[in-house]
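As written, the chain order gives the labels A, B and C, with residue 1 at the start of each chain.
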C-alpha cells in the first residue's frame, strides 16, 4: 500500500510533464510542469470532495459536450449500449476501439488519458471500459474520478466485489460494472454421466467440490477415454482468484503465491497423465473440444462465456446445446467482467452518470440483459427475480436456471491482492509455462524466460 | 554417325533438363499460388464449414461472406480501403517524383556536395526504419499530428532505396544529350525535368509507384500507432483488429473475406501491370 | 541498345545551384522525418525513462547504464541482445541462402536460349505474387495452416504419417523453417527478376566464346556468369541483408510476439518492440536502436566501399 501511495504522489507531476513534452526532452521538462500541473489540477476534480464539479455538472447540463467518446477493446458493450441506452438528442457517440492484443488497448487509452487535460472538449475521453485484470491501474490513479460525485450513488443492488474492484485505496468509487462474473464449472452432462454416474448439477458438485476430488475424477475421466479439461490453463483463474498475496510485495519484488504454485503442480500432473491438453485457453484446439464429438468434461467460465466463447458448442449441426450444465466446482472465483470507468476531465458528466445508472440500477435494462443477452447482471434484485422464476431456464444448459446458480456463488467471491500488473503477469506466466508443458523447455528455463519478459514489460518489478 | 549420336544424346539430355526445370517451376508456382487459392476457397466457406476442417473445394457462401464483411458495423472496410487508397496513392506519387528529382539533381549537375550527398543517402539506406520510429512517434504526438495522414505521407519524399533505383535507371537510360538539347531550346531546368526527363523515366516511375503503393497499402507499424479514429483507420489496422474481435461474432468466413478484400486491389493492379513492372525492374537493374 | 555516352561532369558550374535545389526536398524531409527522430532516439538511450502503469518514471540521466544493462547476462544467463542478433542472422541465412540460390537457378533457366522456357511471363508473374500479400495476413495463414488442429496436421494424421498432431509452432527447427519459408516465398521472385536482368546485361559473345572453347554449362556458369554477375549479386545480398536485419512482422505475428520456443525465433526488432509496447521504455529501446544502428553502419561501410569504388569510374560498366 505504501508503494502505491508514493506512486500516486509522484504521478501527477511526472505524468503531466510527460504529456507536455512527450518525454523526449528531459532537459526541458523542469520548466513545463509548473504550468501544466496547474492546468491538470483544475481539470481533474479532487476525487473525494468536488462539490464544484458536481454543481457545475448539474447546472450546465445543457451546455455539455456534443461528442461522447468511449474507449473500448471490443464490441461487446457497444452492442448492449446501442440496444438499451437512449443517447440524448444532439450528442454523437464515438467509439474508439483498439484491440487488446499485446496491451495495445491500454497503450492507446493511456496516451489519451495522459493527454486529457490538453485535449479539446470533443476529443476528451468521456468513458472507458476496463477489465478486472488491470482496473486497479486506472481506479487507483487520478485519471479517474469519483462517480458518487457525479450522481451514481445507489450501490444497494450491485455486488460488493464489483464496487471494490472499481475503488481506489480510500474506497472512492471510480466506475461500475454492468455485469457480475462469478465463474462456474461448465460440464458436459453426458460425459459426467459416463464418468461419475450422475449428471445433475447438485450431484456433480458433490463429487467435484474440492481440488482433491477434482484431481481424482480426472483420473477416472482419463480411464474412460476423456479429458478432464481442454487447456493447461483452464484452472488457472480458479487458483489465482484465491491468492493470499499480490504478485508483488511492498518493495515491488515478484512473489509466487502458494495458489499459483498449486496450479503449476496440478497442471504438471494433468499434463504428465494426459488429463488435459497443452492448448491455451483461447486456442482453436481447445474450442474444438466443445463440439459434440469433443472428449472434454469440464470447462470454467462465467455467464458471458456461453455466448462469447462457446460458439462451437452452440453450433446447430456439430454442437451439443443442451448437453451442458453448471455448478460451482472446487473453488469460488470470478473471471473478467467489464467496468465502465469515469475519466477525470470528461465534458459530459451527466450523460456519463446516466449511462452508469442505467446499466446498474434500471431494472428494465438489467432484466433485458439477463433475458435477451444471457448476461448475469450487476443488479441483485433483478437476478433474484430470475433465480426464483420457476419458468426461467437456459436452453443451452438443458433448462438449468443458471442465474440461480450464479447468485449463490457471488457471496464467496473475494476481491483482494490485486496489482496494476496482473493482466500481463498472468498472461506471461501462462505463455512461458506453456512452452514447458509442451516439452520445449524445462521448468527452470520457462521461469527464467518469464523473468526476462517481466524485465522488458515492467522495469519497476524486481525479479528473483 | 558419331555426330548424330551425340546430338541424339544431347537432345535427350536437354529434354530431361527441361522436364526437371518445368517441374521446379511448377512446384514453385504451386507454392506461390496455393496461399491465394486457400484464401479464395476459405472466403467461400461459412464459419461452421471452416471450423470443420480443411477443404480444397469452394462452397457457396461467397456472397454471404462478402455482404457480412462489406457491411460490418465496426470494421468499415470500404472506408478503410478508401483511406488506404488515399494514403498509398499520395505516397506513391510523392516518393517517385521526389526520388526521381533527387536522383536527377545528383546525376546531372555538378556541385561541391554532390559526392557527399550521394554517399550519405547510400549510407542511410541501410538504417532500419524502426530505429527512428520511437522518436518519430514522440515528435508527431508533440506536434499533435496524430489522426492525420500527413505523417504517413510526407516522409515518403525521402526514400533512399527508391532514389538508388532511380539513379541506377538514369545511368542506363538517360543520355545527357537529351538534357542538353532541351537546354539549347531554352527550357528552364525545372521544365526540362518535368517535360523531358519524366517521360523518359516512365517505366521506372511506374515500377516504383506500384512498389511504394503496395508497401504503403500494407504498412501497419506506424499507422497503428498514429491513427485511432474509426473513420481514419487503414486496412491493415482493421485486419489486426479482427484478431481480437468479439468472439461471439467471430466469423472466420468473414475474416478470410476481409483479408481477400485487403489484398484484392493490389493484386488487380499488379496483374494488369505485371508485364510493365517486370520490364521496368529489368531495365532499372541492368547496371549492377 | 546504344550506350549513353554521357559524362556527368558535363554540367556547368552555374547549374550547380539547380543540383542543390533538386536534392533539397529530399534532405529536408529526411531531416525532419528520420534524422531528428533518430537523434532523439539516441539521446533517449542515455536516460532512464519508462512508464509504470500510468506513472512516468524519469526521464533521468543515467549515462551508459542502459547499455550496461543491455550487455549484462539476463536471467537465462545469456546476453539477450547477442542471442537475438544471433537468431536474426540464423533466420536471415535460412531464408536468404535458398532465396539467392534458387533465384540464381531460375534466372539461368529463364535466360537460357537452349532451354527456351515457355510461359515465362506466367511464371515470372506468379513467383512475384507472394510479395504483394501483407506480411501479417501471410503469417496468419501460416499460423492457421500449421496449428495443431490445422489442415497440415489433419492431412498428416489422416494419411498416417503422424500418429499425433505435430506442434509445429513449438519446435525450434520448424518455427525457424516456417519463418524462413515465408521470407523465401515473399522475396525469391523479386531476386529472380533482378538477377535475370543482370544476366541479360552480360555480353552474349562471352558465352559463345566459352562454348566454342568447349566449356560445359557448369563451367560457363561458374567461370563466366558468376564473376560477371558479382556486382548485382552484391547488391542483392546487401538488400537482402537490410531486409533480414529488419525482420519483424513475420516472426512477430507467427509467434504472437513470443518468439517461441525459448525465444529462439525472437529477432532484434521484436526485442526492441518488447521495450516499446507496455513499458514505453524509451531508454532501453533507444539503446537497442543504437546497437542496431551500429550493426547497420558496419554493413553500410561494406556497401560504401564497394559503391564508392564504382562511383569513381562511372563509365566502367557492362563491358568488363
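The rule is simple: contacts are C-beta pairs under 8 Å (C-beta built on N, C-alpha and C of every residue); 3 or more make two chains touch, one makes a residue touch a chain.
Note that this is a predicted model, so its numbers are computed, not measured.
> When I count C-beta pairs in contact, which pair ends up with more: A-B or B-C?
Between the chain pairs A-B and B-C, B-C carries more contacts.
> Could you work out which chain's C-alpha centre is the most distant one from the centre of subunit B?
A
> What whole-number Å value describes the gap between the mean CA coordinates of subunit A and subunit B?
Centre-to-centre distance between subunit A and subunit B: 41 Å.
> What's the distance between the Cα centroids of subunit B and subunit C, rounded to whole Å?
16
> Touching two or more other chains, which residues of subunit A qualify?
23-24, 104, 288
> Indicate the residues of subunit B shared as contacts by at least two other chains.
135, 138-139, 240, 243
> By the touch rule stated above, which residues of subunit C touch at least two different other chains?
Residues 40, 44, 282 of subunit C touch two or more partner chains.
> Quick check on the complex: what are the subunit B residues that touch subunit C?
Residues of subunit B touching subunit C: 14, 17-18, 21-22, 24-25, 28-29, 31-33, 35-36, 38-39, 53-54, 98-99, 101-102, 104-115, 117-119, 121-136, 138-139, 151, 154-155, 157-158, 161, 163, 171-177, 180, 189-190, 193, 214, 218, 220-221, 236, 239-240, 243, 259, 262-263, 266-267, 270-271, 274-275, 277-278, 281-288.
> How about subunit B: which of its residues touch subunit A in the complex?
It is residues 47-48, 51-52, 74, 135, 138-139, 141-142, 224, 228-230, 240-241, 243-250 of subunit B that touch subunit A.
> Report the residues of subunit A in contact with subunit C in the complex, numbered from low to high.
Of all residues in subunit A, those touching subunit C are 7, 10-11, 14-15, 17-18, 23-24, 26, 29, 102-104, 106-107, 110, 113-114, 137-138, 141, 143, 278-279, 283-285, 288, 420-421, 424, 431, 435, 438, 440-441, 445, 448-449, 451-453, 455-460, 463.
> How about subunit C: which of its residues touch subunit B in the complex?
On the subunit C side, the touching residues are 4-13, 15-23, 25-30, 33-41, 44, 102, 105-106, 109, 114-115, 117, 121-138, 140-141, 145, 150-151, 154-155, 185, 188-190, 193-194, 196-198, 200-201, 229-235, 238-239, 242, 245-246, 248-249, 269, 272-273, 276, 282, 285-286, 289, 292-293, 296-297, 299-300, 303-304, 307-308, 311, 314, 317-318.
> If you look only at subunit A, which of its residues touch subunit B in the complex?
21-24, 73-76, 78, 94-101, 104, 108, 111, 288, 307-309, 311-312, 315, 317-318
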